[in-house]
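Each structure below appears as structure tokens.
Note that subunit A is present in both complexes that follow, paired respectively with subunit B and with subunit C.
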Partner chain A sequence: MSPLWLRQIGAVLRLELKKTFFSKRGWWIYCLAIGPVVITLLHWLFELRRPGDHHHTLGEDSMIFAGLFLFFYLRATIFFGCMGIFSNLFRGEMLEKTLHYYFLTPMRRELLVAGKYLAGLAVALTLFVGSTAAAFLTLSRHFGPAWSDYLYHGPGLSQLGSYMLVAALGCVGYGAVFLMCGLLFRNPLIPAAVVFVWENLNPFLPDLLKKISIIFYLKSLCPVEVPVPPPFSVMVVESDPTPMWIAVPGLLAVAAILLIYSAISARQTEINYGE
Partner chain B sequence: MSETQITFANVSRFYGEVLGINNVNLSIPPGITSLVGPNGSGKTTLMNLMTGLIRPTQGDISVLGIQPSHPERLCRMVGYCAQFDAFPKGLTGHQFIYWFLRMHGMSHAECEEKTAAALERVSMTPAAERPVGAYSKGMRQRIKLAQAIAHDPQVLVLDEPLNGLDPMARAETIALFREWGEKGRYVIVSSHILHEVDQISDQVILLSQGYVVAEGQIQGVRSEVKEQPMQILVRCDNPGGLAARLFQDHHMVEAKISNDRKGLLLRTTDADSFYLLLNHVVLESGLEVESVAPADDDVNSVYQYLIGAEGGTV
Partner chain C sequence: MAVYKKTYRPYEGELTSSWSRFLVIPRYAFADLRSSRFLSLFFIGSFIYPLICALIIYVQHNASALGLLGVQGARNLISINVTFFMNLLGWQSMLALFLAAFVGPGQISPDLANNALSLYLARPFSRVEYVLGKMSVLVVLMSLMTWVPGLLCFGLQGYLEGWQWVRDNARLAFGTFVSAWIWILILALLALALSAWVKWKPAAGGLMFGVFFVAAAFGAVINGVQRTRWGHLFNISHLIGSVWVQLFEGSNKTTSGAVFFRVTAGEELPLWCCWIALGVLCLICLYMLARKIRGAEVVR
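Our next item is the complex of A and B:
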């Protein structure tokens, strides 16, 4: 039989997945995940109908996807999707007055945080990494054999792997941030707005401040660099990308620190439904 | 810290500037203990404190030697039927209990077995597969009770457990409390229904405005209320003669003869002297006494004496 702590985390994980996966309340999160796939599908269908000599090149499509990934996935889909999933893990229970159900079990609060985080992560990874892969594989299908060649014999699969890794790390990092916000703040939208502004200001911040963010490391891991369009490009502060061997463990370490802090906060959390 | 009692040592809890409970010192022995007091007197605060849902602003709490700040140990021996009437979304009655037990770390088979037993115990088996959201108030109350007893805890804490129950379910629930209490376990109940509290309690704790006003067995608490004369009902063949004889003594305050002229309701400031005097009267005059019983040593009377005027509604 597995150790007690593992069984308890497993129970929380399965209960959370049962409660929240494909729940009606999360419709907008599913829309966020499906949105880019719909855009790439439309792009594919549109390109299929265009005369042959007016197609984008594979290189142009690669840039289009890089832009879509950076501006749509990282700054919108994954950011807001994780906000919706993770900030509700505890705050949602408080609003629905059901947190005592968990607090009355003989489980360390740290394990409850871990179980809920893993449940949120399972949902986020399925939605956003799956969406990333689907969008990438759909975007340039109209190239036919050239696309297959790019995918299997060129840099395609490696790029897909990188995008999926970045999407997954985005879920890990933003998930930890928003789980903590949901535990610490009565209205997690306020800290979420602050984080959103900070993350979007990242290209314009000095080198040192750039590194106190999640988007900086995620951008460093993206396989195709997307230039900031004018007129904002003049304000960009150039900075060396962080190598993968620092960015990946660094992001995981930041997420772990945030989760440890959340676990400590959970131990201090009281049931106060504002009655 | 006692490992056989639930103890509160100088415990206070404030919500910001609002007083929850103040300077509470209690030792709760096994058996059924009722918390009685008006709304806002601190009953739920006391229960939330002993189950670890909130922490004291000051003081120490021990539940059979365990501090509530260790839920991993405490919640194995405590079951709490809270007043919160909310349930995780989308769960059936069965799932509500089952997942609660899974989070204890029990195996699937053990959870199924204990869930079935708990549902059976509160007569909820037929409704087990229906969503909790579709339950009536009484059914929700029973499923919460099932959750509280499912892991067979040593301490059962029940916040207004009889609310919303029909008479049949109420009787079954009271029987369950009694069974639990007779096993030497700890049953702590808060209730507004004073005559039911009276029936089931081994001891009571009276709370008012965050303070413990009295605690102990109800007869003992009543005898401590010196400023209110004790009411005693004597049924005998000559209540008028008895009243005349008793009024020669200074501790008698009032006497009323019942309509059937067989009963005498007395109010005395010294019950012990009264019983002594009654023995003398019986011996002297050959009075035939059918019964002698205190008329106001119940929870309701004590509540009225100690809290009634200031306490507001129960």
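Our next item is the complex of A and C:
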């Protein structure tokens, strides 16, 4: 028999998974996740029609994916997707005027936060890690045996693993940030805009300030480095990437701190739907 | 008075003239906006850059100020030219996007969420006037942020430099004015359309950013993966940048757009494509508004 707290988290998780996965409001998050896969799929199909007439190499495709991952997945899809999923977990219930049902149950608020976070995380991981893997696997598939060789005997699988890890850590980190925003702010857009600007300014910040962000650690873990395109490249402040053994536990620790803070805040939360 | 005597009596007071009825909406909206400390601070903060620009223009024409600062050579460092005015407009336009994302979603969604639209439209007030009224809130605020400071800086430069400079660079004033209006119109329509369709204000604001940034990233993905440049059709900043370059410089292009609205060299789209894409975006927004702004709603 599992302990009570585990069963309570499980119950919240089950309820929230249904709500988050099949939410009408979340259609655009599915579009965000599917978009790049559709493009890479189309690329594969178009290139299949002209065998031996490729205008690019496998190495170029690897760089293209690195750019796609950094500029589309990390800066747009995962950021905005997590904003949509996680800030809606509490704020959505406030709008629907259903949060008091949870608050009236004989359950610790910390467990509610944990359950909701895990549900959001499960959805985000499924969508964004799945999308990353699908896009990576379809982008260069038209190279046939060369692609298989690159994948199984070259750096392909290790790169795929790194990208999936970075996507997962992005969901963990941004998820914790936006869960906190949804819980603490009536309008989560304002903190989200601040975080967005901060994260995008990251390459141009001094070394010390760079480290107070999520994207810096995620970029450090990416297997292929993507230079900032001109004319902004002249403003970039170079800094050494963080080693993996610091970046991964560091990000998890930051997420844990934010979650603990959210859980403590949830204990004092009062509902006033009229506001 | 007995209740049965309370029959319908039409309003007999003076009616607001039909052309100015839409101004009733901004009157109350501005009062609401003033109560938000964050918005007030943001709005005031948005004038820092134009103020710096005005200072640069002033210092450039003031030999004693240059001497006092010990930077006599600074006159050649920053030129007051098309790049200067385009960057001023670009920076202010980006701030206008943020303002539209904060203010725009709160315009229509509360009326729809509380079924209050019929209260507006039951009065001698058309749907167009309603949209115009809501739009004027954004238009006024964004005008004050974009073309008004731009033209003031132009005026200051013209005053200090002389009439000949004004005549030679009249295109800059025209470019600032028209470019800003194009951007304002697109932002206002987009903000209102999203406000009408997304009832949760933060989500509508988030979608504003999404349409701007995510669509641009999506376009970049298409360009990268398919090795094409047509992905820029999804990139509003690229489309706007192309149109601005034409408005500011005509066919003698010397710049690659404004800050935040840059046109990547070698990846330019035909200008007519940019105009059509922006037009289509406006039409989609108008269609979305027409679908939602109705006096009666069928609830299924």
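Assume the second predicted complex is superposed on the first by the 269 of 275 C-alpha atoms of A that agree within 3 Å, B and C clash if a C-alpha of one lies under 4 Å from a C-alpha of the other, contacts with A are read in each partner's own complex, and residues count from 1 in each chain.
Just so it is clear, a contact is a pair of C-beta atoms (placed from the backbone, for glycine too) under 8 Å apart; a residue touches a chain by one contact, two chains touch by 3 or more.
What you see is a predicted model; the values in this text were computed from it and never measured.
Asks: After the subunit A overlay, clash or fit between subunit B and subunit C?
Replies: Here the two partners, once superposed via subunit A, fit next to each other without clashing.
Asks: Of the partners subunit B and subunit C, which touch A:100 in the superposed model: first, second, both, neither?
Replies: The first partner, subunit B, only.
Asks: Is A:58 contacted by the first partner subunit B, the second partner subunit C, both or neither?
Replies: After superposing on A, A:58 lies clear of both subunit B and subunit C.
Asks: Looking at A:252, would you say it contacts subunit B, subunit C, both, or neither? Reply first, second, both or neither.
Replies: neither
Asks: After superposition on the shared chain, which partner residues are touched by A:273: those of subunit B (first), subunit C (second), both, or neither?
Replies: First partner only, subunit B.
Asks: After the superposition on A, what does A:77 contact: first (subunit B), second (subunit C), both or neither?
Replies: second
Asks: In the superposed model, which partner reaches more residues of subunit A, subunit B or subunit C?
Replies: Touching more residues of subunit A than the other partner does is C.
Asks: One more residue to check, A:125. First (subunit B), second (subunit C), both or neither?
Replies: neither
Asks: Would you give the minimum C-alpha distance from subunit B to subunit C, in Å, for the three-chain superposition?
Replies: 11
Asks: For subunit A, which residues lie in the overlap of the subunit B contacts and the subunit C contacts?
Replies: none
Asks: Would you tell me which residues of subunit A are touching subunit B in their complex?
Replies: 1, 4, 7-8, 11-12, 14-15, 18-19, 23, 96-98, 100-109, 270-273
Asks: Quick one: in the complex, what on subunit B touches subunit A?
Replies: Those in contact with subunit A are residues 15, 48, 51-55, 71-76, 78, 80, 82, 84, 86-91, 95, 99-100, 102-105, 107.
Asks: Can you name the residues of subunit C that touch subunit A in the complex?
Replies: It comes out as residues 38, 98, 101-102, 200-203, 205-207, 209-210, 213-214, 217-218, 220-222, 224-227, 262.
Asks: Note which residues of subunit A are touching subunit C in the complex, please.
Replies: 25, 28, 32, 35-36, 39-40, 42-43, 46, 55-56, 64, 67-68, 71-72, 75-77, 80, 83-84, 87-88, 91-92, 95, 139, 187-190, 192-193, 196, 231
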